[in-house]
Amino acid sequence: MKIGFIGLGHMGSGMAARLITAGHEVTVYNRTPGKAGALAAQGAKVAQTIAEACQGAAVFTMLANDEAVESVVFAERGILASLPNGAIHISSSTISVLLSDRLEKAHREAGQRYVAATVLGRPEAAAAGKLFVVAAGAPDAVADVTPLLEAVGQGTTLFGDRGSAANLVKLAANFMTASVIESLGEAMALVSKGNIDKRRFLEFLTSGNFNAPVFRIFGELIVADAPAPAGFAAPLAFKDIRLALQAGESLRVPMPFASVLHDRFVELLANGGDKLDWSAIGRVQSRDSAQPELAEISAS
Amino acid sequence: MKIGFIGLGHMGSGMAARLITAGHEVTVYNRTPGKAGALAAQGAKVAQTIAEACQGAAVFTMLANDEAVESVVFAERGILASLPNGAIHISSSTISVLLSDRLEKAHREAGQRYVAATVLGRPEAAAAGKLFVVAAGAPDAVADVTPLLEAVGQGTTLFGDRGSAANLVKLAANFMTASVIESLGEAMALVSKGNIDKRRFLEFLTSGNFNAPVFRIFGELIVADAPAPAGFAAPLAFKDIRLALQAGESLRVPMPFASVLHDRFVELLANGGDKLDWSAIGRVQSRDSAQPELAEISAS
Amino acid sequence: MKIGFIGLGHMGSGMAARLITAGHEVTVYNRTPGKAGALAAQGAKVAQTIAEACQGAAVFTMLANDEAVESVVFAERGILASLPNGAIHISSSTISVLLSDRLEKAHREAGQRYVAATVLGRPEAAAAGKLFVVAAGAPDAVADVTPLLEAVGQGTTLFGDRGSAANLVKLAANFMTASVIESLGEAMALVSKGNIDKRRFLEFLTSGNFNAPVFRIFGELIVADAPAPAGFAAPLAFKDIRLALQAGESLRVPMPFASVLHDRFVELLANGGDKLDWSAIGRVQSRDSAQPELAEISAS
Amino acid sequence: MKIGFIGLGHMGSGMAARLITAGHEVTVYNRTPGKAGALAAQGAKVAQTIAEACQGAAVFTMLANDEAVESVVFAERGILASLPNGAIHISSSTISVLLSDRLEKAHREAGQRYVAATVLGRPEAAAAGKLFVVAAGAPDAVADVTPLLEAVGQGTTLFGDRGSAANLVKLAANFMTASVIESLGEAMALVSKGNIDKRRFLEFLTSGNFNAPVFRIFGELIVADAPAPAGFAAPLAFKDIRLALQAGESLRVPMPFASVLHDRFVELLANGGDKLDWSAIGRVQSRDSAQPELAEISAS
């Protein structure tokens, strides 16, 4: 299929590469040039403008936040102005429910189609085509992009015909993961100050009822207690918690755990955590409880 | 081995039965008589006094809380007064770190031995010998009771020679489980008010990074949204959260998630949740967010 | 002075009337017509367009939120396009720090001036000229509008030359008031379930260290335990708490009390509190703690 | 009146001195000797045992916590064993509702009488007879001790005939004060990081709706941002928050602000705050938000 791909960060690059590998004809675009080199070497066409990336049957966007998506969609020569009649905008960014609804409406009114297809997984999973895809949108549009979604992920779960459902599920899942990190952080601080080996505690947990990747992955990061390279950077994770809270405001769902996480991330960012992985909220916990081994949150 | 077993509630009965099945000579005691019938039929000797249950090489206690354990241990003809020199008190109740330390000291001073061996799992697991056992204590004592622990569980994890470590691990693990329940409750309320099917959301979670029993078991209970028969009753779970907070106070570890859970359980109990399973804190979430289908927290 | 006044809600009407009484020549504008009748009778000129209200030396805006202010300022024939060179926009709405900074910059670039002059007090205080005014902006501009601020308030406190400081102070003060409401709600629920008379408790507090209007006013509303006519409607108060949290995010200040308040307001709005006074978060507390006398949050 | 006074800490010494000044015949006792010198010089008789302090018509206790009160009351030759028939135990310590109820029952069964008379105010107020007294108990007993309460305070508020009501009111009032401290801490951190002068903000607040001693006193301490001499030491304040939460557990009142305060105090104590005034939870806020001027919580 002839498609475009806008947004070549860690996740986007991996996804675009998978689409090329799967045989699609991919035109890539990134606001900051110079990120497209490796993809060009793999066969991607490099667009100089957003419009050039919108000449196919579909265009992916994989961008940092609402503002970035708004700017490429609603710009004068943006996606909305450039996408052919009937073509599909596949929105993979983690954006707000409100914006997703607004995109769906705008594309419909412009005679275009819209699928929200958010993804779960780290950059390595993106590069390996091992993401979990969460998609929602009009059934015909979803059907048409299914081969594309299959190229980037190891499975797609559908959540009905309103695109923003996929965004809400993504936010809820990221909230769940952040909750696991915080609960591990608190439990680890507790046992650790009780002179119990953190690794042994983690092994015990994950050998029983807590035997899931989310506990193993983040448990290891917290046990290591060193600032990890940012698989998912704290400011992005904070954005997602704010979007989850914002969705809770609109839908009128109080979320006290999400509020605790909100405050944790603010504390983390206040204390130098901008470059750290989101698991570093466990280091905030270490500092608040005066763990002897921790000097500074952002230092190794 | 000739042993005693004190405390024949849902958990204790199952554990005692397993010990009998494994060939041990078990004398059982319960404050309220009449609970020992089935065990007697399986071959247990039924004691009329605590002292009678303390004539063997070891005695288990599996009781509701600190007060109950204190009363059987420190009573005039209690365990401390009755246990032979060198015999072992195996404390399986979920009690405070403080009391566990106190028991260890008291038994040592009395020439007796002490092992804390807490267990994770529901009554069905106890009956099936499928509990996870967490043990700590002096190595010789732990070694001597290993066959007993093997009879009640599917595996024992050791946490060093200070008994209370086993209690702290148990509290931390229950805190982790309660955190999973709360995070599922919040996430489910969010997606549900966004018109997303809760079961589908759960299946998505548990097919990926959240593929662990703790998410499946409690996810199902929250999706069902009906007051469950109390596998673990809310007041007992609340007790454990309070003990975790109390341990955090002593060790000086602030635990904001535990504090949210504390308030959740108080709200649940204020609104008729005394007989419900601890997963019912998800119903508190449903009420606070005015889920249309929920009438009352405690009604089915 | 010849001035304009945009936004004739409960607060704005009272302020505009005070300006007329003080002898100023006031042209009023409201998006929804029909609110200007009483002011016209007092001598106000009624504008049909925003531009007509921008012909004087200054124009006040007193609107519900960021969106409303943005729309009147940045519209094609809005304030920015209409205000004469050197004239002053006096922004009295409770808006975000970000928008206030943006307004200041836009007016400066347009050769206009900007003063943020937020007000504290209920509609009755506005009508009586008894508001407390918090102002910030370039000294010359502040000096020029001082007679206007004196007409609407019983005193003006200056917070330097960056306009948004006045907005931040307003948000901090509203956060303080909401915290008083919540703490009174919790304390009242506690003593009340302990069979202590709430009014007596309030009298005790306010006869000693808590002898301030904020405790007396909101204490009375909580003691009465009836939905009050909305002196300050819950959705507006919620907006302010969100703006305070948002300011905390930008400035990197974790605010756990503000997060609790956030969740309280979401719960209130989920349960029918849209028309209630913000003191109704005390009724949420009554429901969560199952106070016997409370049937429904929104019913009297 | 011939009375005893047990507990000669900062508060107790001041109260005992006032009683002597008012003409009462006071026998004082302190577990640690050597604190009675100044009082002896003023005319107090110094008891060597608890029993000696229980020979009059009434005996005050002013001790640190439940454990201390339990030990002097229930000891072999303690108050319960020593107080004459009909004599009155005036309990002024901040203790739990549960213990207060237990004391009332025990004294009644022993033919003695019980009045709970808690006090609000700092040590200076105690020395000056300017405390606020909160009393509850059987009317005859309260009437009999009224001259004593008048000697220590500037006013007594009665809360009915169940003694523990006075304890609950005291806990609720201390919770209110701690909430003021936390809300001031958060608001101050917010405006301060927004480059607003903290003192000016405080003056603004206290010139309007927040014009009460509680805002002025703690506002000044937070503005000063230096560890204050402990007018009320953090560990004692933490004890009171725990007792308030415990009362909330018994009465089934969820108190989310109290839970935030709980976590604040744990963080304060984890980071060296044992000797600081309770206003130092504002310094925790300063650290969490990385206020530039703060080096360490416990350093000046």
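Letters are used for the chains, namely A, B, C and D, taken in the order the chains are written, and counting of residues starts over at 1 for each.
Keep in mind that, in the parts below, a contact is a pair of C-beta atoms (placed from the backbone, for glycine too) under 8 Å apart; a residue touches a chain by one contact, two chains touch by 3 or more.
All figures in this text were calculated on a predicted structure; none of them were measured in a lab.
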| item | value |
| --- | --- |
| Where chain C and chain D overlap in contact partners, by chain label | A, B |
| Most distant chain from chain D by Cα centroid | A |
| Inter-centroid spacing, chain C versus chain B (mean Cα positions, whole Å) | 51 |
| Inter-centroid spacing, chain C versus chain A (mean Cα positions, whole Å) | 37 |
| Chain D: positions in contact with at least two other chains | 248, 252-256, 260, 263-264, 266-267, 270, 288-290 |
| Touching residues on chain A, where the partner in the complex is chain C | 242, 245, 248-249, 252-256, 259-260, 262-264, 266-267, 269-270 |
| Residues of chain D touching chain C in the complex | 97, 120, 132, 134, 155, 157, 159-160, 162, 164-165, 168-169, 171-173, 175-177, 179-180, 182-184, 186-187, 189-191, 193-197, 200-201, 203-205, 207-215, 217, 244, 247-248, 251-258, 260, 263-264, 288-290 |
| For the chain C and chain B complex, residues of the former touching the latter | 256, 266-267, 270-272, 288-290 |
